[in-house]
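One structure coming up, written as structure tokens, with questions to follow.
Read from first to last, the chains carry the letters A, B and C; within each, the first residue is number 1.
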Amino acid sequence: MSDRKLPRLLQTPAVLLLLVWMLIPLGMTLYFSFIRYVLNSLRRPEWTTPSFSNWRGFGNYEFVLNSKDFLFAIQNSLFIVCSILFLTVILGVLIAVLINKTFPGQGIVRVLLISPFFVMPAVNAVLWINMILDPVLGLQGIAVGGINELIDGLKDAPLVGWFFGMWPELQPISFRATQTSAYAVIIMVTWQWTPFAVLIFMTSLQSEDQQQKEAAVLDGANTWSQFRFLTLPHLARPIAIVVMIQAIFHLSLYAEIEIVSRGNGNKNLPYLIGEFANNNIGAASATGIFAVILANIVAIFLLRMIGKTLME
Amino acid sequence: MAIVAKTSRFGKYGRPTLAWVVGLLFFFPIFWMVLTSFKTDADAVKPEHLIFFKPTFDNYINMTENYDYWRFAKNSVITAVMATVFTLFVGIPCAYAMAFNPSRATKDVLMWMLSTKMLPAAAVLYPMTFITKTAGLFDTHFLIILVLSLINMPIVIWMLFTYFKEIPKDIIEAGQMDGANTWGEIKEILIPLAWGGIASTALLCFIFCWNEAYWTVRLTTTDAATLSKLIEGNRAPEGLFFGRLSAVSAAAVGPIVVLGWFCQKQLVQGLTFGAVK
Amino acid sequence: MFKKNALRAATALSLVTAGSVSAETLTIAIVNNGHMINMQTVAEAYTKETGVELNWVSLEEGVLREQVTSDTATGGGQYDIINIGMQEAPIWGAAGWIEPLNFSADYDVDDILPAMRNGLSHEGQLYAAPFYGESSMVMYRKDLMDAAGVSITDNDSWDNVKAAAAAIHDPANGVYGACLRGKPGWGDNMAFITTVVNSFGGAWFDADMRPVLDSAEWNAAINFYVDLLGNYGPPGSEGNSFNEILALYNEGKCGMWIDATIAASFLEVDGVAYAQSPNAGNPVGANWLWAWAMAIPAGSPNADAAADFIEWATSKEYVKAVGNHAEYGWGSVPTGQRASTYAIPEFQAAAGFAAAELAAIESAAPGATDLKPYVGVQFAAIPEFPEVGSAVAQEMAAALSGAKSVEDALAASQKAADSIMKEAGYYD
């Protein structure tokens, strides 16, 4: 068989499957985004059947663009994704460097560290928001209550009482509030995905050139400059890859947003779609098209960033 | 060697201590969940029973008796295993062709594949429900396996591609000289050579399949419902719930966490995504 | 709607391929609530007697709505019986998504409380049978109130309620004056908030179905709500709904709780007393009306068997079956659906809240009135309400969090509601 035909043939099943997986839903989304289509309407029953006679042009797009949370959803989406990326990369590099050298119990520490990565997103969210971050019944609430009680007790103590008397009462933070719900999601997703970054960075560190490092030590390079001029450049590629994979996953966060605050103060395009999809499929589809456009912009950006290293 | 001496002091005590602290901190939420799962719902929110309490298996018994845990677990295993196998079956030849006979379009095809992962699922919930019902596939293992495969295929092909690219071309070409056909090449040469990479790809794919919670919840009723759906049914029951919720959660993530522990060496060595030269 | 015949064929096909569904199996979607869970056990007797196997799918409320909507909107077939509420029943009935329900004479439809029957009917036809129903009332710690020298009476004024909350509010000792719903959601914080607005004389829409969230009544009601819950509520109230507050209450953290009457059967704290919901001098009190009901989606191939099961599960016999069940007893029978339940002496003895609950349900009027042109007490029975309600719910949570002023939140709510209603074709 000729050199050209065979590779194509081998790629065909995967490409075809993904093409169908992409095109059919995308086609339907596009179609619905240009027509009036609602699941249930008492006033306009004709809108409940998808048909070209309900053609609406860009009306759905206009409605979505003018809707209350559209711009906020895009902005916030980028904010959460970038924050998570920033935190996971920093923490990931630090932790990978920390546990790279052998020490007693290294295997166990590694196991402990990577465990969060295996947890289901919905479990992650309910676990954090209820049992850990809840301001009254969660560990946060219990801890704050305990500290306040302790300080209260110390206020009556002889000699040091005046000192503790000046301490303010600690207030627990509500992580479901408008101002904080995005941070709650950032915390829980960072917890889950830092292990992924650690895994990749650790793998990469194992292939670091040790001779080069020893030479640097002999030249009198301190730990910081070793890290700065040898380790960090070595990690550039894995960092790019961690950023890319995580960006793909986090653009479509859903369960965490739903469970933490039901969109209060924290939203992204998939969540907005879900809100419209309650009844207004036309608007949900138009939002879907916007989400596809945003995803492609991010994809092009990522392609620029790592496309070259990918093919080297 | 003053520097070495200086660093080794930190290396001897500081580094292990810090590493242990970080490891325990990251593991703590999971530990807490498991601990809570042995408390009654009432004890779970009482500060005085934070650490000391009378352990009970009631939550687990309730889960297996009233919520049919094993059926969900069985479906999770079936769909995740089969989806991983199918993804590799389609993905290996594709990545092989891309790695050893790349064309100008290869990079773009790869990026296009990855971009399909960014399509927002919520927008196509109704079309998907309608199509799968019309095709008679709704709530079947087949459908869930197919969907999980398609969701993970881009990442799998990309990972495999990066591993295969590291294999010197002449090894494969030597095989061709010996008259091996394509399938033989893949089976006899490629798979043994890239075994580590394939294994860690499979692991990652399996983890993602197990944890998928959009389509597995929405395209199933009972027959193909996985553990994600069990979680959806229990994440906000009426009444006090920390104990019950913890047990269901622990039982849903338990198998995959334990699998991860056993395979962590493999993951550590394999998760390069082509980042290692 | 999608083509029905093709769909029927398709669903039939899918059921065959699924291989598990014979005429003897019913798939039932339920919310994960106590009474529903009990039903799974009690219904084992039904299976034994009739040979009909029951397949339960329990889901979180929001996911259940999404699933049931996507199933029904695409022609049904996934479930034989679905758990829906009062918001959906009349509009789904009107849309032909669910089958009308007609029962035998033994069923005694007239025994179902009139408020429930009206709320679950469309044009006089019952579309969903109530499994249990609820209104809302004040539940409070009488011991704390007595100690503070305050009291709450039936249909008290809001000012007095606030004064009582302030008197018992003692955060240093972990007791908060008032625990109220704050979690965004049309069925969560908006359920409570709407009843407050109702009692202040406000409504969601005017006679032309234009939203009137910028009215003085809304402003006064929301200011009151934010003031009460913000000052005398537990921290993190923006995340609290029924479940969370129940946990808090049973931990002794709440001095007062205004919520579903059903909560009374879960309370384990001593010194609980009940009072009818407050009002603000208007004819409408601040109590809601809700029922978890069972309906048959239009595409169900087992509609007859499903109707039989619903008839059993919402009958007087079912109530007795739970009352006499070894595991449950009269304290756990589903309430709020039938007048006859409240006449059972064993039930009266076991449930101290029975009288208060019945009074609250009977005083709730879901029908359209001069004050509000739509059906529903704490919601409007129109298909667009979940969208409007969720949008407003988030604004209210923002006001409660202090991220927005009440005025800004209401202005944003009005704008969002207006654009949704305009989009839906109610007016231009």
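As a convention for this text, a residue touches a chain if its C-beta (ideal position, glycine included) is under 8 Å from a C-beta of that chain, and two chains touch if they have at least 3 such contacts.
Please read all numbers here as calculations on a predicted model, not as lab measurements.
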item	value
Which of A-C and A-B has more C-beta contact pairs	A-B
Chain centroid nearest the full-protein CA centroid	A
Between subunit B and subunit C, centroid-to-centroid distance (C-alpha), Å	38
Gap in Å, rounded to a whole number, between the CA centres of subunit B and subunit A	16
Between subunit C and subunit A, distance of the C-alpha-averaged centres to the nearest whole Å	34
Subunit B, residues touching no fewer than two other chains	45, 125-126, 232, 235, 242
Shared-contact residues (touching 2 or more other chains) in subunit A	39, 137, 145, 274, 277
Residue list for subunit C, restricted to those that touch at least two other chains	2, 66, 73, 247, 251
Touching residues on subunit C, where the partner in the complex is subunit A	1-2, 62, 66, 69, 73, 91-92, 94-95, 97, 172, 174, 183-185, 188, 234-239, 244, 247-248, 251, 253, 382-384, 386-387, 390-391, 393-394, 397-398, 401-404, 412, 415-416, 419, 423-426
Partner subunit B, residues of subunit A touching it in the complex	1, 3-4, 6-11, 13-15, 17-18, 21-22, 24-26, 28-29, 32, 39, 95, 98-99, 101, 103-106, 108-123, 126-128, 130-132, 137, 139, 142, 145-146, 191, 194-195, 199-200, 202-204, 206-207, 217, 220, 222-223, 237-238, 240-241, 244-245, 248-249, 251-252, 254-255, 259, 269-271, 273-274, 277, 281, 284-285, 287-289, 291-292, 295-296, 298-299, 302-303, 307, 309-311
Residue numbers on subunit B that touch subunit C, as the complex places them	42, 45-46, 66-67, 125-126, 129-130, 133-140, 217-218, 221-223, 225, 229, 232-242
Subunit B partner contacts - residues on subunit C that touch it in the complex	2, 6-7, 10-11, 13-14, 16-20, 27, 31-34, 37, 40-41, 55, 57-61, 63, 66-67, 70-71, 73-75, 77-79, 242-243, 246-247, 250-251, 266, 268
List of subunit A residues in touch with subunit C within their complex	38-45, 47-50, 63, 66-68, 129, 134-137, 141, 145, 148, 152, 169, 171-172, 174-179, 258, 260-265, 274-280, 283
